[in-house]
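Take a look at the structures listed below.
Two complexes follow with subunit A in common, the first pairing it with subunit B and the second with subunit C.
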Partner chain A sequence: MTHVDTPTTEPELLVVEARPEEVAGLSAAAIAWVAAGGPVQSIALHGAAVAWSPGRAAILVAAERVEAVRAAVLEFCRHDRDLRAIEADVAAGWPDIEADAPLAFEFRDRDMDRRAGLGERFRRSVALRARLARLAPHLDRPPLHPPTLASQVGERLRERGRLAERAGFLDGQLAVHERVYDLCGQRASDWAIARRSRGLEWAIVVLLAVETVLILVDLLAAGGT
Partner chain B sequence: MRTWRVAIVGGGPGGLMTAHAVLRDARAPVELTIYEASERLGGKVLTGSFDRLPARYEAGAAEFYDYSAVGPDPLRELVEDLGLPIVRMGGAALVSGDRMVANVDDIRDTLGAEAADALVEFDRAARDAVGPRDFYRGDVAATTMPAGARFDVALARIAHPAARRYVEQLVHSDLATEPARTSLAYGLDNYLMNDPSYLRLYAIEGGNERLIAGLDARIRATRRLRHRVGRIDAGAKGRLRVTASHAGRDDREEYDFVVVALPVEHLKTIEFGGAGLAGALRRHVAHHDHPAHYLRITILFDRPFWRPGLHDSFCMLDRFGGCCLYDESVRDAGATHGALGWLLGGDAAVELGRLADEDLVAAALDSLPGFLAHGRRHVLEGRVHRWPGAVSAMPGGLVRLPVDRCHQPEPVEHPGLFLVGDYLFDSTLNGVLDSAEHVAGWITDLTATRLEAVA
Partner chain C sequence: MRYPSIDVLRSLAIAMMVIVHFVENLSAWYGSPGDGDLTAHGFWRPTGLAAPLFTLLTGVSYRLWVRRREARGDSDEAITRSSVRRGLFLIGLGFVFNVLVWLPEDTFNWDVLTFIGAALLLLTACRGASSGPLLLAAVAAVAVSPALRELADYDSFWTQGYFDPGLTLGDVGLGFLCTGYFPVFPWIAFPLVGYVTAPAVFPVRGGSATGWPMVAGAALVACAGTAMVARSAGGEPPAWLRLQGWTMFPATVEYVCGTLGAALLALPLAHRLLDRGTRDTMLTRVAGTFSRHALSIYLLHHAVHIWPLWIWGAAAGADVTTHWQRALPAPMALAVAILFLVCAYPLFRWLEATGRDGVEGLMRWLCD
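What follows is the complex of A and B.
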């Protein structure tokens, strides 16, 4: 039996109920169907086969194990999609990082109007970090023992999709983003404080000058009498 | 400054690891001599090769245990330090009859729902008894298990006979003995090591013997191959005298420290001089003498005909009381040939070990499940390696002795004599490294302390 699910937020999913001895013969057609969604990866494991691409996935498995394996594949696809979204957002942030990085070393008056943008990009980095932190426990969780076919398929997909390694790379990239914006924020803050201090210093100078003039006037007036 | 003379008897992994650690940590000049009875170093770590094709296989230790997810793993660190690339190993399936039983779903289908429930119940009891941290520390037997408890008692508690047989077959080749002849703790350890939360398996790409070559390259020592040590006794000025035979002649030399890094079976072949030392070694051997046996049959095929039927780097077969079937070709990236390795353990290894090599190769081919029987057409060459008494069926003994006492059998009159072996810890290469590091640290401390005393 074959059916195709096309949920709005999940990849297109082709599920083929097949006995273990039928799986090998049907795999090629399933892989060809999945290839329309992007580069294909496939696994064959203990009488089941799974192929997936960023847009499509196919499962060939015995009827009684369809539901469990389908859940495992959908879970993997969801995590893979979330990870791809974070990867895309982090990648999109690099031009800003390159443009903003000099402000981590030197901040001037003319840069003051960029403070709001820096703050916004820092908040964006923290939000990406939060998304990754919520996802990470699902990517590197301990294997189930004794395993079920669905747990084995899920583990093999996570291994093949290199989810844990990719999360590790993202962690490193986000650390760079946070460091740059943390330093930029410190420089901007130092600059603002320095500018306020300078104004205060001038005010004190003026007050001291006025006081000196008043004292002089007072002294001159006293000398005259 | 005084140069300390150290002899290491046994050029296997224990001897080389001790030599490496002594030289690495030495705070005083050390002159090392390694005695090895055979013509090669490495002992149970042996990577073989075939004649028909340039293909390798593991003839001895098949894989290493990676504990690094739980705690520090000195062997993994040593492998990294030597710059050796690794390949992950794994497998969850047992071929029962002609069916692959790879997970609980398969167990339910093949053995029935009651067997699956009994297995899950046993699994929970096993992990309640030994958690990953207990497994890593290896001290659970001493703290929580009844003294003298053996593994067959735990197996007998599995309510369903098919589930019991499944567990027996799953662990049989790792135990290398029968459940009645090993401890409860060791049996549970060998069951639980199938769970990646407890440990992961790896091999060294290009052959496990690269570990031996890496150690050998780092060791500055005199190597005496084909020197069989026959006697160790007291020498002059508190030294120890080692008598080794080579080419029909006996050589005698005296050393400040002697480390005997041999399996219990080989320890029995050395004569220890003096009533105190001889008695101590007799007691040591009696306590640790629980021999376990391996037999390895490896067959080269013109192609890996078992794929994609077998997916992992190994699976278990229900033949020979339960044996492990390795896909040896996964160890070499890009290999076009195929090699399968059968690892038999326990009584089957002893009984079948008496057969001729060609009969063993035939028996191995006969043991292939029906869906792989066509593999006979692809056979190129077969190799057999027998490892009788090579490991311990009950590492540490039924009641574990204090670690120092195991390593220094006679501290009063012969404080310079030490023993190193995997049987003192857990019958693994990780265990032999722990043992080697323990003794090397001890020798390093003694040489430093005596130097300070002299100064």
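What follows is the complex of A and C.
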């Protein structure tokens, strides 16, 4: 029996139920269907076969184990999708990082207009870090004992998808983002404080200049007469 | 990026300036309405807005120019260097203009060109200052001006309504500071306020405009209007306010507040009306041409109507200034001014089409 699940927020899932003695691997048509989602990862384990690509998965498993394996595959797909979303957001932030990095060293008057943008990007980095922190425990959990087919499929998929390693890379990348925006925030704050005190100095300069002009005009007028 | 609102307002200022100068220099002025003197009528009063609007826009344009250079990645040093060169260029051009147009005895009359040059130097010096101190400086410049004029004995520098200083360091210095046609005090208030206003009206991409220029403009107009109404009703203002009525020479507190307020109101209004819709209209094209060549038009219109007067006087063997303010009746002078403006547009369009630059091009070539 074959059916396709296509919930709106879940990956498309092709489930093929078969008796253990009939399981001989996923058909070429099923693999081709999965390949439409991207590069295919395949695993075969204790009579079950799973092919997966971002957004699509096909399962060939005995009917009595379908629900457990299906749940394991869906869980993996959800985690992979969340991780990919964070990876995409982090990747999209690199051009901003390159543009903003000089501000972590030196902040100038002309950069005051960019303060709101810097704050927004700092908040975005923190939000990404929070999303990753919530996701990480699901990616690197210890193997279940005694193992089941579903838990082994899940573990194997996490290994093939390198979820734990990718989370580690993201952690490093987000540390760079946070470091840059933390320094930018510090520089911007220092600059704003310096600017306020400089405003006071300028006000004193203006008053002194007015006094000087009054004296100068008085002197010039007296010299003229 | 050009703002049609700035182009239109600058063109308006230039057109008013041209009309005022033609009528003032070719015809008699400060007569009475019965004499057929245009300048004595109430409708002539708005022409007093020309120079304040032009000098306010100097500050606005300088701020936007600096922003453009910074966005291009130019260093602070390069911007400062260009700014100082431009300021010095305008001061030098102002002196050359005075000598060639108003003859050498008026070299130090401190006209608008020398003032704008000096204002550019000052804006360059305090480019890093925040808005508060700059506004304080503008207020101080206006507030202290009557006292400075009193100290300098302003009236002794003016003969029959014209600035006529002695050629001494003291007189020349006082002319620059407070007694000339466009002295630093109080005129510096206009570019300073323009410089502070620019980011509020023309925010950076992603920022939002703020409404304080309109509020401040309305408040200033209201203050000036109240003072004028009170004066016309026979009320005597407190002496410490040093209110002297509505005059441009000297630029009184009422005049500065009224014209500054009107300019502050006009800028955001024009921005809302002209910068958000279709930018390529007949109005924006004409205004763009006049605005891009404002400096050239300023110089050219003087040469066109002043030099013939001097040549005519010299040819008649009399004093060269014999025909000054006597050449034409006022309506005729007004017609000639309009004719000049009509002819100037195709002339400067032709210059643009043939890739020729006016004095602005020379300034950019020398200073940038």
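In this text, the second predicted complex is superposed on the first by the 193 of 225 C-alpha atoms of A that agree within 3 Å, B and C clash if a C-alpha of one lies under 4 Å from a C-alpha of the other, contacts with A are read in each partner's own complex, and residues count from 1 in each chain.
Everything below uses one rule, namely that a contact is a pair of C-beta atoms (placed from the backbone, for glycine too) under 8 Å apart; a residue touches a chain by one contact, two chains touch by 3 or more.
This one's a predicted model, so the numbers in the text were calculated from it and none came from an experiment.
Peer 1: Just to be sure I read the superposition right, which of the two partners does A:133 touch: subunit B = first, subunit C = second, or both, or neither?
Peer 2: Once the two structures are laid over each other on A, A:133 reaches no partner at all.
Peer 1: Quick check for you: in the superposed arrangement, does A:44 touch first (subunit B), second (subunit C), both or neither?
Peer 2: Only subunit B; A:44 stays clear of subunit C.
Peer 1: Would you mind checking which one, subunit B or subunit C, touches more residues on subunit A?
Peer 2: C
Peer 1: Have a look at where A:143 lands relative to subunit B and subunit C in the superposition and call it first, second, both or neither.
Peer 2: Touch status of A:143: first partner only.
Peer 1: After lining up the shared chain so the two structures overlap, which partner does A:29 touch, if you call subunit B first and subunit C second: first, second, both or neither?
Peer 2: Touch partners of A:29: none, neither subunit B nor subunit C.
Peer 1: Quick one: is A:199 in contact with subunit B, with subunit C, with both, or with neither? Answer first, second, both or neither.
Peer 2: In the superposed model, A:199 contacts subunit C only, not subunit B.
Peer 1: Look at A:117 in the shared chain and tell me whether it touches subunit B only, subunit C only, both, or neither; answer first, second, both or neither.
Peer 2: After superposition on chain A, A:117 lies in contact with subunit C alone.
Peer 1: Looking at the overlay, what does A:91 touch: subunit B (first), subunit C (second), both, or neither?
Peer 2: After superposing on A, A:91 lies clear of both subunit B and subunit C.
Peer 1: Now for A:213: first (subunit B), second (subunit C), both, or neither, which partner does it touch?
Peer 2: The answer is second: A:213 touches subunit C but not subunit B.
Peer 1: Where does A:151 make contact in the superposed view: on subunit B (first), on subunit C (second), on both, or on neither?
Peer 2: first
Peer 1: Residues of subunit A that sit at the subunit B interface in one complex and at the subunit C interface in the other, please.
Peer 2: Shared contact residues on subunit A: none.
Peer 1: Per the contact definition, I'd like the list of subunit A residues that touch subunit C in the complex.
Peer 2: 108-110, 113, 116-117, 195, 198-199, 202-203, 205-207, 209-210, 213-214, 216-218, 220-221, 223-224
Peer 1: Quick one: in the complex, what on subunit B touches subunit A?
Peer 2: 92-93, 100, 102-107, 119-120, 123, 127, 194-197, 308, 311
Peer 1: So in the complex, which bits of subunit C are touching subunit A?
Peer 2: Within the complex, subunit C contacts subunit A at residues 67, 70, 76, 126, 128-130, 132-134, 136-137, 140-141, 144, 147-148, 151-153, 166, 168-171, 173-174, 177-178, 185, 199, 204, 206-207.
Peer 1: Once bound in the complex, which stretches of subunit A touch subunit B?
Peer 2: Against subunit B, the touching part of subunit A is residues 24, 44-47, 65, 68, 142-143, 145-152.
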